[in-house]
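A, B, C and D are the chain letters, set down in written order, and residue numbers restart from 1 in every chain.
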Amino acid sequence: MELGLVGLGKMGGNMRERIRRAGHTVIGYDRNPDLGDVHSLKELVDSLTGPRVVWVMVPAGAATQSTIDELAELLSPGDIVVDGGNSRWTDDQKHAEELAAKGIGFVDCGVSGGVWGLENGYALMYGGDAANVARVQPIFDALKPEGDFGAVHAGKVGAGHFAKMVHNGIEYAMMQAYAEGWELLEKADAVTDVREVFRSWQEGTVIRSWLLDLAVNALDEDEHLDKLRGYAADSGEGRWTVEAAIDHAVPLPAITASLFARFASRQDDSPQMKMIAALRNQFGGHAVESK
Amino acid sequence: MELGLVGLGKMGGNMRERIRRAGHTVIGYDRNPDLGDVHSLKELVDSLTGPRVVWVMVPAGAATQSTIDELAELLSPGDIVVDGGNSRWTDDQKHAEELAAKGIGFVDCGVSGGVWGLENGYALMYGGDAANVARVQPIFDALKPEGDFGAVHAGKVGAGHFAKMVHNGIEYAMMQAYAEGWELLEKADAVTDVREVFRSWQEGTVIRSWLLDLAVNALDEDEHLDKLRGYAADSGEGRWTVEAAIDHAVPLPAITASLFARFASRQDDSPQMKMIAALRNQFGGHAVESK
Amino acid sequence: MELGLVGLGKMGGNMRERIRRAGHTVIGYDRNPDLGDVHSLKELVDSLTGPRVVWVMVPAGAATQSTIDELAELLSPGDIVVDGGNSRWTDDQKHAEELAAKGIGFVDCGVSGGVWGLENGYALMYGGDAANVARVQPIFDALKPEGDFGAVHAGKVGAGHFAKMVHNGIEYAMMQAYAEGWELLEKADAVTDVREVFRSWQEGTVIRSWLLDLAVNALDEDEHLDKLRGYAADSGEGRWTVEAAIDHAVPLPAITASLFARFASRQDDSPQMKMIAALRNQFGGHAVESK
Amino acid sequence: MELGLVGLGKMGGNMRERIRRAGHTVIGYDRNPDLGDVHSLKELVDSLTGPRVVWVMVPAGAATQSTIDELAELLSPGDIVVDGGNSRWTDDQKHAEELAAKGIGFVDCGVSGGVWGLENGYALMYGGDAANVARVQPIFDALKPEGDFGAVHAGKVGAGHFAKMVHNGIEYAMMQAYAEGWELLEKADAVTDVREVFRSWQEGTVIRSWLLDLAVNALDEDEHLDKLRGYAADSGEGRWTVEAAIDHAVPLPAITASLFARFASRQDDSPQMKMIAALRNQFGGHAVESK
């Protein structure tokens, strides 16, 4: 089938390639004219034979909003917009309604796979009406990994991004689990080769996983991670996961601890620990470290 | 080679079978006379041609201690004892010294694999002198999974149980990660089929793992886990992991949160939350729920 | 001075009394005609000599919004509205702008004091322009405790509710601190009289506080809190505190742990712990507890 | 009465002064000859009229152990040793038995008060047999604050140090509560004077406490704590509190979070966050910060 693809960055560019390998026609547009097949959203829309499917793969927030606003003007009733970016699930219903007012369908799709997706396939979680999802299905089939798994119609509009957000929340806590264990092993006198312990865990253990394989790769490149700073960004989904948990009164201690560890990793000095130091000094005369 | 194996329960019984399949001779002893090949530790020791290797696979603590005490009397200089149980790593040095006083070697070995080990192999983490480890190596090779991984000489005496303990600590937090994510998905209105979301994650995602596969198995047996109580035991390694972290001043927020969630799951009512309710009532006149 | 007071419930009713004791004139309105001095917001506004100050003390959210909407229609330029309810700080700017469009001033005020406020005074944290705050100052002076402390102009519009929200977040973690300590003491064999330990802490210790005094009161009424269920509601400020922390990338582990403990206290059975039980059963054949 | 006091450091020296002010005779010994009234433990013992009471106020662990060992040789049946140091409660039973073998009584006593104790009195929590406690009571009465509270016979041997340990655990979480709240307020745009907010909280609020008063003192000395590093030591009781909780399967999320925050504050760079950074780089090509 024919697909319009907006956003040809690290993710979108590889996705275009994977969809084309499956035999579909992809017309891509990017703000960067070096990357696109066409030079404007209007040209993209005009190039597609209706009823059209346009997949938006741009940064969440303002960029996605303005792209959808513009597509709402350009597309025709019966067309479909897929938001494959990392949008907050709470934006999906709003986007669906905005497009529905013009007779345009909407599907939200969370995409996992990173730099490995081109070769291994992308895991996809999508939400929307069954009829709209069915229209996009050939593209989902092209993107997903081979095998029985890797793609799911998770529910109504918003369900795709919600499921992807929870995926990322789980990812935070799994990474934190390995990271905590690694630091503790590195501290233990008896354990003389932590990297080999991690390597051995790749088979037969309860904790074997793809993330564990990646940890071994990382340790093979830099055995004690000496070249790195202990600094971790967060891209939003972890925060939204905790916010969703608060909305639903679900306790999320491990995922939240993982998010907070990232926040703390980005502080040069911890204001709250200054207060702890100040209080210890006040009541106990405990020495403080001055700057 | 020839191995004496003490303890033929759920784990030990299957391990005997797997070692025999690899062509070794195993003489097993268990307190339960229906399970053993011999009827006493003395008979076990007498049946083995020296220098002997005796693998102890009994519950950690008193049972392991008394078995090692008895073997210290029965074995001869040059023999080796392997503790394959879930012993606390702090016991290993003590056992090694007790046996070394009689000229007997000691190797500690953490074993992972559960009910799947007989067919898939057991992941092994062992600690001790290279010479002692080399003597046991054919048994390690028989027990471990096929493939390049699944067994590691982690370091000195104690390193095997330490590494296994950390493995279990990581396991706690990974399980907690999936569990938190599952509960949140079950609460989301938009997501209509949580089980299919979990199933889809088995390929192409960052969080694919063996534990995820098991979660899907569990959901296939009971889609919303309605038949279960939210009650989780803990077998000691999680507690020891946190204690080791405290000894080394390593923050372990996700693993500790997972341990505490299990503690809380076993309380019919939470004493600390009674105090919260009492305080809210005191300062705000907030209603309390009485029994 | 003259004050209009909307909302005469547990908080508002006592506040009217305390302000009157200070010699001011309060005209109160409540939806419940048995409580009010007048029978409609219009009558309230008409009864006040301009420029008017109207204090809104109704539940946060819809009730506060509709009251402010109605006052925006009834009041005159130069009048001032004070929102003394538990509004989310993010609503304050919106309310200020809505009222400013009619020339009406706005002050937000967080109020602490509960059932003790009538006699001891109410702690007040308010936000807004200095000129507007100055107009309300006689009322703040009447409500606040005697002594040098208990009232603060915290900053711009929103600062009052933000400060009150953080106050409540701190309160959550302090209560959790005492509650955790109490449960642990109750479990210790050596400690034979936990209540007397708590009582003794009221002088000379680092942890003496008003909340500790209340804990002793509660234990005097019910030594082991046997009559209570370990069930704690939350009124919103704890959730907002965590959300604000996420917005600002501030790690808040103790306050968040306290919020999650409340969430968990309200679950009859824990879905996430069902998943933990299911996974343990899958990999280890561990027994599960069925319903 | 007459008291032998071993250890005349920051705590012991002030305690000698306060006991003397109450009219008792104190003979003090310290390793530092400039501080003591006598020059050896033997001289101390010989100077006291039997039956003697000797209060040990030296660092927990080796110093306390060797002092008690020596006193066991020097004292006579019917004498009493009080351990007023920060000993782990698990040492108390051992010390009591060692001394009981010589007919010497033992009382353990947790002491709170820091640099404020000389003037305000020391909060005391003691454990032991009623008869032994009664013998020491005049000294407890001299040390404790005026008023009805501040001293408690908490239970059997060990109960005093256990209660003091839990006191310190609660202290950790209360300090963390204020510290988290302070950091969040400092980040909020609307709040223009965080110090004044803290100051105002000293009356009428739910969170007023002595620690809050100290926080205000600290902010008066250094409004934004700019002169301090966010670095906090821990003196052992917090760790022991978490270990005791693990022994009793009591969830302690807020106190443990506070302990871990201190651990993290002492790391120049976080090993576990290096692993998080490494994993993000592996799966997503996310940029890492190199040293």
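One rule holds for everything that comes next: a residue touches a chain if its C-beta (ideal position, glycine included) is under 8 Å from a C-beta of that chain, and two chains touch if they have at least 3 such contacts.
Bear in mind that the values here come from a model prediction, so they are computed numbers and not experimental data.
*Asks:* For the interfaces A-D and A-C, which has the higher count of C-beta pairs in contact?
*Replies:* By number of C-beta pairs in contact, A-D is the larger.
*Asks:* Taking the mean of the CA coordinates per chain, how far is subunit A from subunit B in Å?
*Replies:* Each chain's C-alpha centroid was found; their separation is 33 Å.
*Asks:* Just give me the whole-number Å value for how far the CA centre of subunit A lies from that of subunit C.
*Replies:* 37
*Asks:* If you average the Cα atoms of subunit A and of subunit D to get two centres, how far apart are those centres in Å?
*Replies:* Whole-Å distance between the two chain centres: 47.
*Asks:* Where in subunit C do residues touch two or more other chains at once?
*Replies:* Counting only residues that touch two or more other chains, subunit C contributes 114, 176, 178, 180, 183, 206, 211, 250-253, 257, 260-261, 264, 272, 283.
*Asks:* Assign the assembly's chain-to-chain touch graph to one of these shapes: line, ring, star, complete, other.
*Replies:* Here the contact pattern is complete, since every chain touches every other one.
*Asks:* Which residues of subunit D touch subunit C in their complex?
*Replies:* Where subunit D meets subunit C, its residues are 89, 112-114, 117, 120-125, 127, 144-145, 147-159, 162-163, 166-174, 176-178, 180-181, 183-185, 187-193, 196-197, 199-212, 241, 244-245, 248, 250-255, 257-258, 260-261.
*Asks:* Which of the residues in subunit A come into contact with subunit D in the complex?
*Replies:* Result: residues 10, 114-116, 175-176, 178-180, 182-183, 186, 211, 214-215, 217-219, 222, 225-233, 253, 261-262, 264-265, 267, 269-286, 288-291 of subunit A touch subunit D.
*Asks:* Which stretch or stretches of subunit D touch subunit B in the complex?
*Replies:* It comes out as residues 206, 239, 242-243, 246, 249-253, 256-257, 259-261, 263-264, 266, 272, 283.
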